[in-house]
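Letters A, B, C and D name the chains as they come in the text, with residue numbers starting at 1 for each one.
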Amino acid sequence: MDKTLVLGLYRDMLEIRRFEEVAQRCYAEGLVSGFLHLYIGQEGVAVGAISAAEPTDYIVATYRDHGHYLARTHDVRGAMAELFGRATGCSKGRGGSMHLFNAAHRFLGGHAIVGGHVPLAAGVAFASKYRSEKDVTLCFFGDGSANMGAFHEGLCLASLWKLPVVFLCENNLYAMGTPLYKTLAVEDVSTRALGYPMARETVNGDDVLEVREVVRLAVRRAREESLPTLVEAKTYRFRGHSVSDPAKYRSKEELEFWKQRDPISTLASRILDLGMATEAMLKDIDAEVRRDVEDAVTFAKESPPPSVDTLYEYVYADGEGGEG
Amino acid sequence: MMRQIPFRQALREAMTEEMERDERVFLMGEEVGAYEGAYKVSQGMLERFGERRVVDTPIAETGFAGVGVGAAMVGLRPIIEFMTFNFSLVAFDQLVNNAAKLRLMSGGQFTLPIVFRGPGGAAHQLGAQHSQCTEAFYCHVPGLKVVMPSNPRDAKGLLKSAIRDDNPVIFIESEVLYGAKGEVPEEEYTTPLGRAAIVRPGEDLTIVAWSKMQHLLALALPGLEAEGIDAEVIDPRTLRPLDEETILTSVRKTNHLLIVEEGWPTGGVGAQIAWLVQAKAFDHLDAPIARVTSEDVPMPYAGNLEKAILPSVQKVIAAACRVLGRPA
Amino acid sequence: MDKTLVLGLYRDMLEIRRFEEVAQRCYAEGLVSGFLHLYIGQEGVAVGAISAAEPTDYIVATYRDHGHYLARTHDVRGAMAELFGRATGCSKGRGGSMHLFNAAHRFLGGHAIVGGHVPLAAGVAFASKYRSEKDVTLCFFGDGSANMGAFHEGLCLASLWKLPVVFLCENNLYAMGTPLYKTLAVEDVSTRALGYPMARETVNGDDVLEVREVVRLAVRRAREESLPTLVEAKTYRFRGHSVSDPAKYRSKEELEFWKQRDPISTLASRILDLGMATEAMLKDIDAEVRRDVEDAVTFAKESPPPSVDTLYEYVYADGEGGEG
Amino acid sequence: MMRQIPFRQALREAMTEEMERDERVFLMGEEVGAYEGAYKVSQGMLERFGERRVVDTPIAETGFAGVGVGAAMVGLRPIIEFMTFNFSLVAFDQLVNNAAKLRLMSGGQFTLPIVFRGPGGAAHQLGAQHSQCTEAFYCHVPGLKVVMPSNPRDAKGLLKSAIRDDNPVIFIESEVLYGAKGEVPEEEYTTPLGRAAIVRPGEDLTIVAWSKMQHLLALALPGLEAEGIDAEVIDPRTLRPLDEETILTSVRKTNHLLIVEEGWPTGGVGAQIAWLVQAKAFDHLDAPIARVTSEDVPMPYAGNLEKAILPSVQKVIAAACRVLGRPA
């Protein structure tokens, strides 16, 4: 295993973890509002998957998008300022936590209608194929999307038209308060792929390296054969659905079981076991990302909110009223 | 003194009473059972009625809205909860092409006694896809009824009527009102659909507003009084069918009309009310009908923008003064 | 094989065939308007399937619904009058060809949004289960529905909730002018069942007895085990998508190939081979159904159109305006 | 004399010219390719541009509408055809929550240059699920533009502008107009969005109507003239953004307004226009604004009912007389 690579993945996951912890703190302090869906526990998926793609490949995510955004952009300031609703946010304060966007990094959001972004992601892949460009689209969604019509139609078209897209289902066993077995007649979301048909993979989402490897193959299938894949990553969110959800529907034991699989601490042990780094070095990484996140908070705090005079901006490309 | 209970409890009582009264009534939606409702409206109902009648669904609005329509066609009386009405848009076809039209298409052989309920409108900084008013969409569709209560008492009485109604009823609540308390009688009662309430009698100006906007008006009243404006406040409660008479009678008295709605201005429900009133009480209008609505933009996340976009006490008072030709 | 049964199935298919031929004639004569989707060539599916169900089982169909309506109700007059838009039509002239309804016979339409009636059918089955009634719901749809979100959500819920419903896909190889291979990445629509999962069957739709047998088992699975089945019947429509479609997208050879499999003439030969009836007897059956259909035309012609004063009827159950 | 071509050919020319002009433009929808369009609008286009740019889709409106939105986000300029706009209702969420909002939600980082087009409204006895006007739904939504041409010349010029426009445009045609011929210049031209056309100047009464209803007005004009009514006929052509000035200027002259629309009355586009005009030209109105719409019911199949439900020459003349206070 490549040491720099592994330490890089470790750092990226930690960046997300610290960002989320601080975001929650800021929410408690009333600095962040709206819905706040934390990614804590699932870092292995976004980091592993996005590290397997080229920086020019497209990313489409759900409202639980901080992890994916940071893994792709490392724009800690832009993300935090967006949560604060500031003009300096990555969506200029218009999107908020659920709608992070970054055109330069080909990060296409942040979407809050379950399943609604799946056809959109197929469309991005369609465009790449249309232009004979070799870019691949990574589309992330939760297990809760598997019953949505938009999910079905998106996968049908991707399979039919052989689109270069990787559908990545983050199966964290719950859709809000509902355990998966109550909403899915099959155990693996990836079973859905059989009907389209589409290549499928199931992977341990808490092992960032395994995710990276599986997604690497799916990305290659997309790029070289222009074929879609449905990848299911089994993972778990350590916090509630959103910060306002106490998650009473889960047992302590269950939570503990999964915390043993914490993608970050398990990778840390492996790094130490393999002697890739010392405790001290890992502490330094932690200190560094903490600094970045606190710096982002300061940046966000000092940033101005959007000017109310810009209320009608970004509604129509041709400005207010949108004359054609 | 009458008991005060929160809006969500009033809704819960309505559903519970109707489910006890009629075996055909059931509640279906995301998180309505074990989780007791995303906004705790159905708290305790699963325990009381069991999984057969309080049905948790996957995220599949087209699917379970359609299931409700089919069940209603053969005699059940479903209450379909949309976690929020933003998500009713993925089931739009089921509501507009099936629920609203099957009775007509079958020549009256089938009735569709079904209620689609859940919160609508903006809450606090939920962003563009989660902060929409959908009443204008549904009010446009013949075959549907649209109800939007503003207080616990009406909420309970209207929901009971909606459940007993033999037509598809779109029943839109509000996230930010679920905790609002109000007087609700202990004894059973229903509130008829299609009847407005005169919340406050007045002489100078008729103000029509529904749901959350009634609470905004309550906050604006002192300011209006300070301006010496004696407003007659009307809550239509049911937007379709609309109680035209109550509104027209009021306007014939006050000769001035202001409509306050949370939704988008273009083609909002207020436009329809304005059209109606000018058509049927033209000679009684001393000034143009005014509307306070949200700005004509998708809702951004930033708090200051959201605040500036939504109707406010200041906007209401300014509009009232404008209608009455007074300097504000 | 039971002779009366077989001759009955033959008669039912012929009734549909003659009805459709006359409907087309009436359309040409300007007596029928709107869209007219003929069922000619597919009679084996509706007749076989519906004969396998109890008269109290529910039927939900698409806009191509004459065959299903007649197989269930034999209400030739009500159907013809509906096509004529008369007050005596089975939907009182409100529905037309695409929206035949008959509450007494539990025929729940006639639906014209592709896939839109699939969740509805699941709901009818849900109601039966809710009331612990043993009725089964038969839901017919075309191959074109397989990519629709509503189809997916309906099947997901039926599988998850174990609903007593039989989903019957009439795969006639075309959705309007589009051959199936251009819209489906799999050869059999029934492949979709793998992802839910759901029991599936593929049957020769031009063999009324085979359809009857397969659907009988699916109906039993629904009634006794409360489990859904996706049945795919391979068939072919001999006419265009609607009477206004010349169907230029199909070759003569292809059409001829399928005409050799005509469910009616093939059954006729079998009946004669098995000595179940003589040519003369079959002629009599034909004469009889022709009489019924012509009688229905006379009935429709002599029936009054709906009164314009009833314009606002059937919009709200509580009459015009719909006060609650 | 200028050449006369049918509506469908004008649309075809617009798409063909724009596709030749801009490699990023493509056409996608059900039956648009091999079948050459359910209504033959795209005849010959597959042959000309190939399967890459004229894309036949399965029946999956949510899917291909979403594909269009995604492709537009990364710089293509899709033309998404709905076989009819009735079917846009199954893709409603893609249009309302994605196409209309992504620009705002991304703080202007993405533009959505996409056209959704196809026929809307009633044809001949197609029944309730196939006979709807959807313009009121889409006009309500900020972020969308809505265009409804009434003749081949405008259809071509407006569609070319819509394709070049950087915003999502809902472009609603009419099945019954596809064969209607009209003058269309040989040389290239575009017609700007957001500008109304004064179809006929007049002094007594302003009549606003779009799409098919302009043809109804043409039939009604002799009758109106017989009544001695000199009508000024306006075709907004774009319903959102609406060319308010042209309508207001006309009403300030005629002091009377009649709006003719095919859709349902409750919350129709005409209600919005009426609200606007009474708000901005109140003192110029000598009589209540009148509307002729279809009846407030789902469309039944029977021909006599359909006829009675839709706007008619008689209804237009009667309404015009009513507005002008004349016995009809």
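The rule is short, and it goes like this: contacts are C-beta pairs under 8 Å (C-beta built on N, C-alpha and C of every residue); 3 or more make two chains touch, one makes a residue touch a chain.
Since the model is a prediction, treat every value here as computed from it, not as a measurement.
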item	value
Pair sharing more residue contacts (C-beta pairs) when B-C is set against A-B	B-C
Farthest chain (mean CA position) relative to chain A	C
Rounded Å distance, chain B centre to chain D centre (Cα mean)	30
Distance between chain centroids, defined by C-alpha means - chain B, chain C (Å)	40
Rounded Å distance between chain A and chain C, as computed from the means of their C-alpha atoms	46
Inter-centroid spacing, chain B versus chain A (mean Cα positions, whole Å)	36
Overlap residues in chain B, where contacts from two or more other chains coincide	57-58, 60, 62-63, 86, 89-90, 93, 97, 104-105, 127-129, 142-143, 296-298, 300
Contacts with 2+ other chains: residues of chain A	91, 93-95, 99, 111, 113, 116, 146-150, 153, 156-157, 160, 183-184, 315
Parts of chain C lying in touch with chain A, wherever the complex brings them together	146-153, 156-157, 159-160, 183-186, 191-197
Touching residues (chain side chain B, partner chain C) in the complex	26, 52, 57-58, 60, 62-76, 93-94, 97-98, 102-113, 142-143, 145, 161-162, 164-167, 169, 192-194, 238, 241
Complex contact set, residues of chain A against chain D	58, 60, 89-95, 99, 101-103, 108-111, 113, 116-128, 130-131, 149-150, 153-154, 156-157, 160, 313-318, 321-324
Chain A contact footprint on chain B (complex, rising order)	30-31, 34-35, 38, 56-60, 62-63, 86-87, 89-90, 124-130, 295-298, 300-305, 308-309
Touching residues (chain side chain D, partner chain B) in the complex	86, 89-90, 92-93, 96-97, 100-101, 104-105, 127-129, 132, 136-137, 139-143, 240, 263-264, 266-272, 274-275, 278-280, 282, 285, 287-291, 296-298, 300
